[in-house]
Each structure stands twice: as C-alpha cells, then as structure tokens.
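Listed next: structures, encoded as structure tokens.
Paired with chain B in one complex and with chain C in the other, chain A is shared by the two complexes that follow.
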Partner chain A sequence: MAKRITIDPMTRIEGHLKIEVEIENGKVKNAWSSGTMARGFEALLLGKDPRDASYVTSRFCGVCFSVHQMASARALDAAFGARVPWGGTLLRNLVMGAEYIYDHLVHFYQLSALDYIDIMAVADYKGKDPELNKVKDKVVGLVKRGDTFPLTPRYKPDEFCVNDPDVVISAVKHYLDALNMQIKAKNMGVIFGGRAPHYQSIVVGGFTQLPDINQVARFRSMLDEVAAFVEEVYIPDVVAFGTGPLLPLARAGVGGGHRNYLSYGAFELNESGDKLVFKPGAIFGLVGTKPQRVEPFKPEKITESVRYSWYKKETPKHPYEGSQVFDLQRPEAYSFVKAPRYENVPMEVGPLARGLVDGDPTLLSLINNHGVRPGAVARHAARAIETKKVVEAMYQWCDELTRIMTKPGFRIHDTDHWDPPAESEGAGFFEPPRGALGHWIRIKNHKIANYQAVVPSTWNASPRDERGVRGQYEESLIGVPVPDPENPINVVRVIRSFDPCLACAVHLIDPKTNEIRRFMVE
Partner chain B sequence: MLQGRREEVPDRGRKKILILGVGNLLLSDEGVGVHVAERMMEMELPPGVEVMEGGTDGFGLMHVILEADRLILVDAVKGGGPPGSVYRFDVEDCPTAPDVFKTSVHQISILEVIHLSGLIGSTPQTTIIGVEPKSTSMGMELSPEVEAEIPKVIRTVQEVVAASLDHFPENRVVSA
Partner chain C sequence: MAEIFHGLSRRDFLKFCAGTAAALGLSEIFTADKIAQALQAAAGKPPVIWLEGQDCAGCTISLISIENPSPASLILDKISIRYHETIMAASGRIAEEAREEAIRQGGYLLVVEGSIPGADDRFCMVGGRPFREIVKETADRAAAIVAVGACAAFGGIPKGTPTKGLPVSKILPGKTVINLSTCPVHMDHLMGTIVYFLVTHKAPPLDKLGRPLMYFGTSVHDNCRRRAHFDEEEFLTDWNDPKQKEWCLLEKGCKGPETYSDCPIRRWNNGISFCIDAGAPCQGCSEPEFYVEQSPLYAMGPVTDRILAKKAAGLIPRKDNA
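Presenting the complex of A and B:
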C-alpha cells in the first residue's frame, strides 16, 4: 500500500511550493508539484508605457530581480528595434555575472549544504585551529541557548550526511565565509547597477550609467576576492562532497528526471555576439552523455499548457498569446504554475541544462570518466563549474570595458530607439542562474497590450501537461529512496538541487500569533 | 550602497540609524514598508539617520543590516488588528519561527537575515514598525485604510529615531 506524504511549504513563504509524493517499498512511486500561490503580475503591465516594464518586472521577485530586468530590457530591445552598443552589453553582463556568483554561493552554502552535513558533529571537533574553535564555540553556544536555527536541518541526518567533525567544522566555517562573499558579490552589482535591490541601470537600448575607471578598478578588486573563494573553497568543497559521501547518490543519478535540457544561451563574449559563454540549444533524451537528439533553440516551439493549472481551460498557447484568467473550479487542476513545454516535451532548465547543452568538458568528464549521472549531485557540480566559467568571462569583460571606455564615441545606450513604437512585439531571452527566462511583449498604440514571462522555476516545477506527462520536479522524484517516510530528506535534496524560487511574491511578517497585538501603537 | 539619503557631513564617529522599508510594491499593502521609505526619503532627518528601501531582498540586505548601529524595520505585519493598525516591537519580542527556516528551500525571511547577520558580525538593536495590511492582492496602490495611517507610521518611526538618538550622544549636532 502506497503512503502519501506532503511537504508543504517547501519554500519559506507558506503556500508557494508544495510537493506531494507517494511512497511504496521505500521509494517514491508518484509525485505532484504544486505552486500554491496565484501569480500573474503581468496583468499589472497592461496599458502601461512599455519602458516601465523593466522596472515593474524587477519587482516580480526579491531574489531574482535583476534578471527579470534584463530579460524585460531584451524583450523591449527587440520590440523597439534597439541595438545595444557593446559598452552597454558589457555592463549588463558584468552586473549579471555578479548575480551568478551571489546566487550560486548562497544556494550551495546557505540553502543546500546543510542537507548534506550533520551539523552537530562540530561539537566533537578536537583540533587546535583557533579559527575553527571560534566556529565551534559559536555553534555550540547557539545550541546551548536552544537557538539552533539557522543551522538546524529539518530532517534527520542519514547515511549520506558527512559527520566527520573536521570536515563538518570546515564546511560550517565556509558557510560563514560565504555569507561575507555574497555581500561582496551583491556590492559588485551595485557598483554599476546604481542601487540594490532593483537596479536602475538596465533599460531598453542598453545601460544608463557611464562607468569610470575607479569603478572598474573597485569591481575588479572585489572580483579577485570572490574568484579566489570560488577557486579555493567553493569548487574544492563541491568536489569533496560529490566524490565523498555523495558519490553513491551521484552515480545513481538520483533526481535525474526526464533528462531533456533546454538553454536559451547567454553572455556575449564578443561584439558580434556569435561567441557566448553558454550556447543555446535543446537536448532530448540524454543517455549517458549521448543525447538522442540535439536541436538549435527555436522560440516558437514554446507553449504553455493549463490542463492541470488553475486557469481558464484553453489549448496550449505560445507565450505571445498567453493570458492569466484564473479558474479555481477545475477538478483536474492542482497548481498555479502553468506547464511550459518545448515541442510538447518537458524540459529541465538551469546550470545542468546549460552545461550539457554547451558540452562543457569538465561536466562531460564527470559523467564519462567518473560515472556521475545527471541528477541532484550533478546539478551542484554543474553550478560550481559554471560559476568559474562566468568569473573567467567577467575578467574578459572588465578588460574589454577598460579598453573601449576611454575611446572617443564610447557608447552604452542606443538613444535613437528610446521612444516606444506604435505597434510591435518582441521576445527577450536570458539565462539567469536558475535557468531559461523569457519575457514576451506586445505593443499597441505605444502601450503594453500583452506581457508574459515564463520563468525558470515554471519549467522545472510545472505540473503535468496536456498529455498528462509529469513536470521535471515530479519526474525527478520517481524512484528516489525514502526508507523512512518520516524523514524524506532525499526528496528535499532533489528539489533543492534545482534551486527552486517561486518566491516571486510576499514578504509579509506573519508571526502566526495574536501576540503582536500587544504591541499595537494607540 | 542602497538608495537613500546620504550623509553629507563627515560622520565624526556618528552611529548609523537605518530606517529600512521592505515589501513587495506589486502586492498593494504588502509594499507599505517601501511606500513609507520612499516618503521618508523626501524628509529632513537628523544626522546619522538613513532611509533605505529593501524590496523583498533577503540575504542581499545583510550588509546594510550589519553596517547599521540601530535598525528600524518597516514592514507589513499580520497581527490580527484592524487594517491600518500600527505595531511597534523589538525583534526579540517577535517569535521568529525557527520552524519556518527549517522548511526553507529557497529564500529566508528578513527576520532570519537579521539573526543570521549575528553569525558574521554584530546584529543591531532592531525595532519593527508593522502595519496591518488590508489587501495583499495584486496592485501598486495602498488600500485607503492603510494609506490613511501612513502619517501615524511615519510619526512612530520618528519617535523611535528620537529615542535612539538619546542613546547616541555622538550623533548630536554641534553648532559651530
């Protein structure tokens, strides 16, 4: 008899992502992923000046604000016929690069690492390293005060958790160091972005703020610090975990799912844009490192199904034609997330998809020479590998910016295309840290007539589609070992490996108690 | 590094009092903290006092929290009172739910960021000025009930600022 368990909330904000799994004989037999909060911010844009879109969409999410701004600006570039000068592209890329470092470090250390270590092992550290003893005192101090959050994992450590005190204590030290590194990465974005969150500088046609030499120098010196951390701490940690206790999970490819991968491609390495850090493309049915089919990316192949979503029933539509009319009465529906499909097939997006589509040699060697199969552990590896790639590109962009910024005629914005066209449409594609992001805009009478965003977590967290085929989260959970239904730690590991972010919304403090009423100001 | 009023005069070792408004501008009253911050940016404030708008950022706000000596956080708070109710409490008074963190897959709450900042630096004394929302549905305007209480919210923030200044004699303006 299968046993059904529900993990809700999966995200910190209640009701955003709910995972239900059916367990039989210690394994997941079936799974449902539900986004339980209505979205549809796009409706706010209708009738507005198209140039507002990049600001308004940056408020979709407190975490991934800048990437929405980027995708939106690119959709507007296309619709306005704007040609972003090379200087503007370089600045956009540098700001986005900083976002990659920030996001990937926070994901690995703050949001994931604690699923893989037994934090309480620090108490058994017997070494003499004064720094590590400070860490030990800090953690033990928290435990003694009964205040173990934020370090307490939700689930009991299992056989895949590291419990060697020396390894755990250095991992916790790196967790704390990473907090400082994410601050640096955030501040790098602010140097050119002007402010954070919600940068002001990425707009249709390019970038608004001319850089000066001091800014580039400051950016570069912070880049040196985070690059050293990536090289000397982040990558070795991922390697140590992946080739250590997690190797069985890595080789079993736990959390692999459909093994179809989509990347829109991103990050120009030259002015003509024909050299990219991540190449675009789609892979169908990967077996080992051999895809059954590889295709160039064609935007017209994207459709969204709402058969299992709380929207008015309609046939799958291309995002240009998409709408957000809720219908909560549909018995089949179980999610506010739509089901995007590429050629009617579910796709994984994100670091693993980018690495595979790009044919990254380090990633392919992990698969071919070390027996790692695409899945939860491979996702962490792909994230670390691409962080290094982006860091390297950021040095090139800094050099290139320094080379051109003092030349006469240096431009960062296409001012000739600032006014909205009377009628037009455009699509903007980008690869944020979490995966493929697309914005589509239709303009009529110089105003926004339709706007749609298909975000990375929509691809990964989608419910079943028109043909009843599971979404990527759902499929990736099938067969995942859950020996103890009270402790579904592997389910959480798989979902977290995607870096889910359905948090495009609420920020309300809800203490779940009326206690706060005591503090009412009369 | 965020948008806000900048100290024009050299700081003479002044303490930094940060008014941080957070929330989502696209969800009507949920964005009340941001609305309050934007209005306070237009106002004259004592030396050492800065206003910032933090949107719904989490970890990204850690550095500004760490740089502050005193933090006044303005946010929507569900306390169970009528819409527009204003609450004032210190962060220690608020039962931050460790349970919430444990189930976190991705983002963490602003209260957790404040606690976490204590692991790598010193957490400023933090007062929360909360406003009971009427509506958190989509929309870029505040509800009339909440809008009507904005002057009271600002007054409450100013009272906390004044009380904080009493503790920071180094922030007193010395006339030439």
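Presenting the complex of A and C:
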C-alpha cells in the first residue's frame, strides 16, 4: 500500500517549493514537484522600455541575483545589435565569476551540509586543536542554553549522516568559515557591480563602471584568499565526503533522473569568443559516461509545455511565442513552473550537465574510475570541480583587463547601440551556477512586446509535460530510499543537490487552495 | 555578556555598540556601555521569525552579507532564528511546528520579506496555507514588525504584476510596521533598527511612510558626490569617457533627487560601493513608486523631467548654497 507524503515548505532553498512523493516498500514510487509562489514579472515588463529588463529581471532572484541581469543584457545586446567591447565582457565575466564562487560555497555549506552531518557529534570531539575546541564550545554552549536554532529542529540523522566527531567538527568549522568566505566572494563582485545582491553595472551594450587599477588589485587580492579556501577547504571537503561516507550514495547514483543534459556554454576566454570555459551542447541518454547521442546546442529546439501548469492552456511554444497568462482554474495543473523541453525531452541543467557536456576529465574520471554515478553526490562534486576552473579563468581575466585597461581608447560599453530599436528581437544565454538560463525579448515601437525567461530551475523543477513525462526533480526521486516516511531525509538531499532556486522559476498555486496539506502520511 | 555575545571579545562588542550608537545618532543619549547593558538585560537572544512571501530572497542574502558582527555570530550568538525558510535546518511539518511554538511563546521580532499577493491568495502559499494568513497570525504576538525590502515595505516589483503584491502594512491595519524599503534591505538599516528596539523597546522615529528617519531622512541627491556636476548640468552620456566618469547620471535616468535613503554616505556591502559609484543611476528603490512609476529606468522620463523642472524653478538649490 503506497503512502503519499508532502514536504512543504522545502526549506534551505531559494523560493517556495512543495514536493509530494508516493512511497512503496521503502522507496519513492512517484513524485510531484510544485512551487507555491508566483509574481509574474514577464507580464509586468510588457510595454516598458526594453532597457528596464536587465534591472527588473535581476529581481527574479536574490541568490543568483545577477545572472538574470547578464542573460537579459545579452538578449538586449542581440536585439539592439550591440557589440560589447572586450573590456565590458571581461568586467561582466569577473563579476559573474565572483557569483560562481559565492553561490557554490553557500550551496555546499549553508544549504546542503546539514543534510549530511550529525552536527551534535561535535560534543564528542576529544582533540586538542584550539580552533576546533572553540567550535565545540560554541555548539555545546548553544545546547546548554537550550537554543540551538536554526540548526534544530531537523530530520533524524540516518546511516548516510557522518557522525565521526573529528570529521563533523571540522565540517562545522568550515560551515562557519564559509559564511565569511561567501561574503568575501560577494564583495569581490561588488567592487565592479556596485552592490550585492543585485549588481547595478551590467546594462545593454556592456558595463557602466570604468575600472581603475586599484579596484583590479583589490579584486585580485580577495580572489587569492577565496581561491585558497576553494583549493584547501572546499574541494578537500567534497572529496572527503564523496569518497568516504557518501561513496555508497554516490555509487548508487541516487537522484540521477532522466540522464539527459543541456548546457548553453559560457565564459569567453578570448576576444573572439571561440574559447569558452564551458562549451555548449546537449547529451541524450547517458549510460555510464557513454551518451547515446551528443549534439550542438540549438536554441530553436526549446519549447515549453503548460499542460500541467497554471497558465492559459496552449500547445507547447518556443519562448519567443510564449505567454504568461495565469489560469488558476485548470484542474489538471499542479504547478506554475512550465515544462521546458529540448527536442520534446526533459533535460537536466546545472554543474553536472556543464561538466558532462564539457567532457571535464576530473568529472569523467570520478565516473569511470571511482564508480560515481550521476546523481546527488555527483552534483556536489561537479560544483567543486568547476569552481576551480572558474577561479583559474578569473586570474586570466584579471591579467587581461590589467593589460588593456591602461591603453588609450579602452572601452566598456557600446554607446552607439544604447537607444531601443523600433522593432527587433533577441535571445540571451548564460550558464549561471544553477544551469542553462535563457532570456528572450521582442521589441515593437521601441517597447517590450514580449519577454520570456526559461531559467535553470524551470528545467529541473518542471512538472510533467504534454506527454505526461515527469520533470527532472520528479524523475530523480524515483527509487530513492525512504525507509521511514516520517523522516524523508533522502528526498530533501536529492532535491537540494540541484540547488533549487525557485523564485525565478516557480509560479505554482496549490489547486486545493485552503486545504491544509502539510507533511503528512495519508 | 559573554553568555550572550559568545565568541566576541568585550572590546569588539563595545566597538560594535559604539558604531551602532553613532549610526543611530544615539551617541548623546546612549553610550556604548549603555547599549551593551540593555542588550545584556534582554532575556537571552531575541527570538526572530523571518517570513518570506513574494520575495526573491535578496534580503536574506543581505542578512548573510553582514560583516560586523559576522553572519555566524549574528545567527548563532546575537539572535535566535526560530523560523527562516532559507536558513533553518528543518523542512516541512517540523519547520512549521517550530514557527507555531515560537508564536506560542510570543515576544519575538517579526521580519517579513516579500509582498503578499492582493489578487488571489493562491499566488503565495506556504505549507499549504495562504501567506496572508501566516503573516496575520504571526503578527498577533510579535513584539515588533519589520518589513524588509521594497516588496514588503511598499509592494515593490510584484505590486505591478498580475498578482498585485501588497505591502505588510496593508494587511495589518492599526499595527506599527517599520519599513526598511531599499531593494534589497540594507543590513545596517536592519541591525540598527533591531538594536534600537532592544534598547528603547519602541520603533525608531519614522517618516510618514513608516521608514526610520535616521536612515531615510535625506535624499540620495543631497549626499551624492556627483552633485556638483548636476549643478553644472554636466550629465554623463558615455560610460567609456574617462572625462565624464564622475558626471551626474540624470540623463541615464537617475532618480536621486526624489529618493530618500542614506546610500551615498553609508554605501553598500560594508562600504565598498553603491549603485551611483558603479556608474549606475539611482532607480529609487526605497520609494513607494518603485518600480512601475519609476520607469523608464535608464532614460529621461516623467521622474527626471520633474527633477529638471524643479531645478529650473530653483527648487533644488545648488549644493554650495544649500
């Protein structure tokens, strides 16, 4: 007899997400992913000055705050016919690189780590390290005062939770250290971006701030500190967990999903843009590391289905033709996330997709030589691996910027293409930390006539599509062990491994409006 | 003190208090020591319930961007976060139970991030319930209510969407709601407001829009370092031109003269920079008109036309005459 449980709110993610799963014989048999909040930004933009879009869409999300500004500016670049000068591209890349480091550190330590460690094991630490003893005193002090919020309450630790006091105490110390490191990474972006969250300086045509040499020096010295943390703490932690206590979870490939992967490619390493940190492409049906089919990325293959989403019913459409007219009355709908599909199939996007499409040797070696199968643990590993790649590129960009910025005629903005064209259209693509992001704009009479964004979490958190095929979160939950329905910790692990960021994706309304359906066993 | 401000030396703590006192304009009334005593007297760590409605989590990210105290110290030592969807370990039912228990105990600080849908409750549901109901029931036993960010304070961007986002004050008539209205909230504004409340047990003096005067009492324009160029009508038109680098951003749509916030003095992210320093026009994010009535953001429009008309009429005096 199957039991259905609901986890709502799904916490430690950005946005509002509800996950429902049906459990039979200790495993997930079926799953539904639905967000529970809508704002309707695209509808708001209709009729506005197109240049507003990059500012407004940054507010899609305060975590991945300015990748939308970037994708939006690129859509506008295309529509306005703007050619961003190399100086502008370098500055955009530097602030986006800072975003990568900040975002991946926060995701691993603040948003995910608590699912994998039994934090109270620190009380059993017997070592002499004074720093670690400070951490022990801090946590024990909280327990003594009876106020361990927000570290508790929590799901019960299970067999995958690390409870070795030495490992846990250093993990907790790194959790606290990472809080300071993410500020440093964020502050790097602020030097050029103006403030965070919500950078200010990425606009159509390029960038708004002519940098000075002191800013680059400051950025670089902060990069040194952050890069050291990535190298000496973050990567070793991911390796220690992934090859140690989590290896069984990693080898089982728990949370794998459809095993189709899409990356738009990102981060120019040279002025012509033919060398990228992440190359674009699509992988269909990965078995081991052998895809059944690999293809170049073709934007025209993207469509969105709203069969199970709370929008006015229509056939699947390309984003240029898409609309956002809410319809709360449709009985079969259960999510306001649309269902994007590529060649009509669901795709996983994000660090694992980027690494696989890029053929990253470290990631492939994890899969081929260590038996790690694509799934929840592999996603954490892919993040750490790519953070290092981005850090290396950031040093190159710093050097290149320093080289060109002192030359006369240094440019950061295409001022000739600042005024909105009368009629045009354009698409902008980027690979934010969470995965493939696209913005599409149509301009008529110098105003926005249509605006659509297909965001990473729309790909991953989508509901079923036109043909009833499950979205990536939903599929990745099938078969996940849930021995105790009161303690669905594996479900939250799998979902959090995607780094859900729902505000930009989700527009879900529960059809049973006033019915209280919290986490319960039916 | 050591009990409450674990991990922070007394000297550092007093420095924090002194900085806060100066920021709040309290230096004559409250010495750092007095603030320290008041915080010590507060029973343990003040409990906080942080709700997220139609938000982007930008204010939450501001919260963990704080440097003094560090976010770890803030979260573990200074305040007791009983409920916060993005930070708390708990999920699902046990998360909701933590909130219910905190409400039963009462006396907490309620922080709301994000707006409340006005068009239909179904646009924001948490734990299967309308966000509007959750805010109302949590507000009942709160010691103070703070709306953080443009969305919670004035409706922000969602105000203009089909969901018709409402500010917190609209659904809590008769209650004092402290509006910290920049998009996102400035952490100094939030920390200072919390400290002020702990010391005085009341809201700081507010303007007619519910914003603390100590942060929102002067216009961005009054403190802008590009101000002299506004007076000389030197308006930046080309971001590539080093000569224009410090010129006034009015032609790029700056709303500074009609925007009230201390951004140019305080700046953002621990003083590193802010919008105008990055060559980007002020978009009036602290004002009730944000965003729809501030559009177009990057061009001359109704707001900038009005500013120029005021300038022509002598209503915006030159800085040296001010």
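Everything that follows uses one rule, which is that the second predicted complex is superposed on the first by the 495 of 522 C-alpha atoms of A that agree within 3 Å, B and C clash if a C-alpha of one lies under 4 Å from a C-alpha of the other, contacts with A are read in each partner's own complex, and residues count from 1 in each chain.
Following the convention adopted for this analysis, a contact is a pair of C-beta atoms (placed from the backbone, for glycine too) under 8 Å apart; a residue touches a chain by one contact, two chains touch by 3 or more.
Just so you know, these numbers come straight off a predicted model, no measurement behind them.
After overlaying the two complexes on the shared chain, residue contacts for A:186 are found with chain B and with chain C alike. Touch criterion met: A:500 reaches chain B, while chain C stays clear of it.
Applying the stated contact rule after C-alpha superposition, one finds that A:290 touches neither chain B nor chain C. Looking at the shared chain after the overlay, A:59 reaches both chain B and chain C. Residue contacts after overlaying the shared chain place A:208 against chain C, while chain B stays out of touching range.
In the superposed pair of complexes, A:141 makes contact with chain C only, with no contact to chain B. In the superposition on chain A, contact of A:110 is made with both chain B and chain C.
Contact comparison for chain A: of chain B and chain C, C touches the greater number of residues.
Contacts of A:128 after superposition: neither chain B nor chain C is touched.
Residues 7, 9-13, 40-41, 43-44, 56, 59-63, 65, 106, 110-111, 138, 147, 149-150, 152-154, 176, 179-180, 182-183, 186-187, 190, 194-198, 492, 503, 507, 509-510, 512-520 of chain A lie in contact with chain B in one complex and with chain C in the other. Interface residues of chain B, counted against chain A in their complex, comprise 1-3, 22-27, 30, 54-60, 62-63, 66, 75-81, 85-89, 93-98, 100-112, 115-116, 119-120, 128, 130, 133, 136, 138-140, 152, 156. For chain C in complex with chain A, the residues that touch the partner chain are 3, 6-7, 44-45, 52-62, 64-67, 70-72, 75-76, 80-82, 84-98, 117, 120-131, 156-158, 160-163, 165, 183-184, 237-240, 242, 245, 268-270, 272-275, 277-280, 283, 291-292, 295-299, 301.
Every residue of chain A that touches chain B in the complex is listed here, in rising order: 7, 9-13, 17, 40-41, 43-44, 56, 59-63, 65, 102, 106, 110-111, 138, 147-150, 152-154, 176, 179-180, 182-183, 186-187, 190, 194-198, 492, 495-496, 499-503, 505-521. Residues 6-16, 18, 36-41, 43-44, 48-49, 51-52, 55-56, 59-63, 65, 85, 106, 110-111, 114, 134, 138, 141-142, 145, 147, 149-155, 176, 179-180, 182-183, 186-187, 190-201, 203, 206-210, 326, 328, 410-413, 415, 488, 492, 503-504, 507, 509-510, 512-520 of chain A are the ones that touch chain C when the two sit in their complex.
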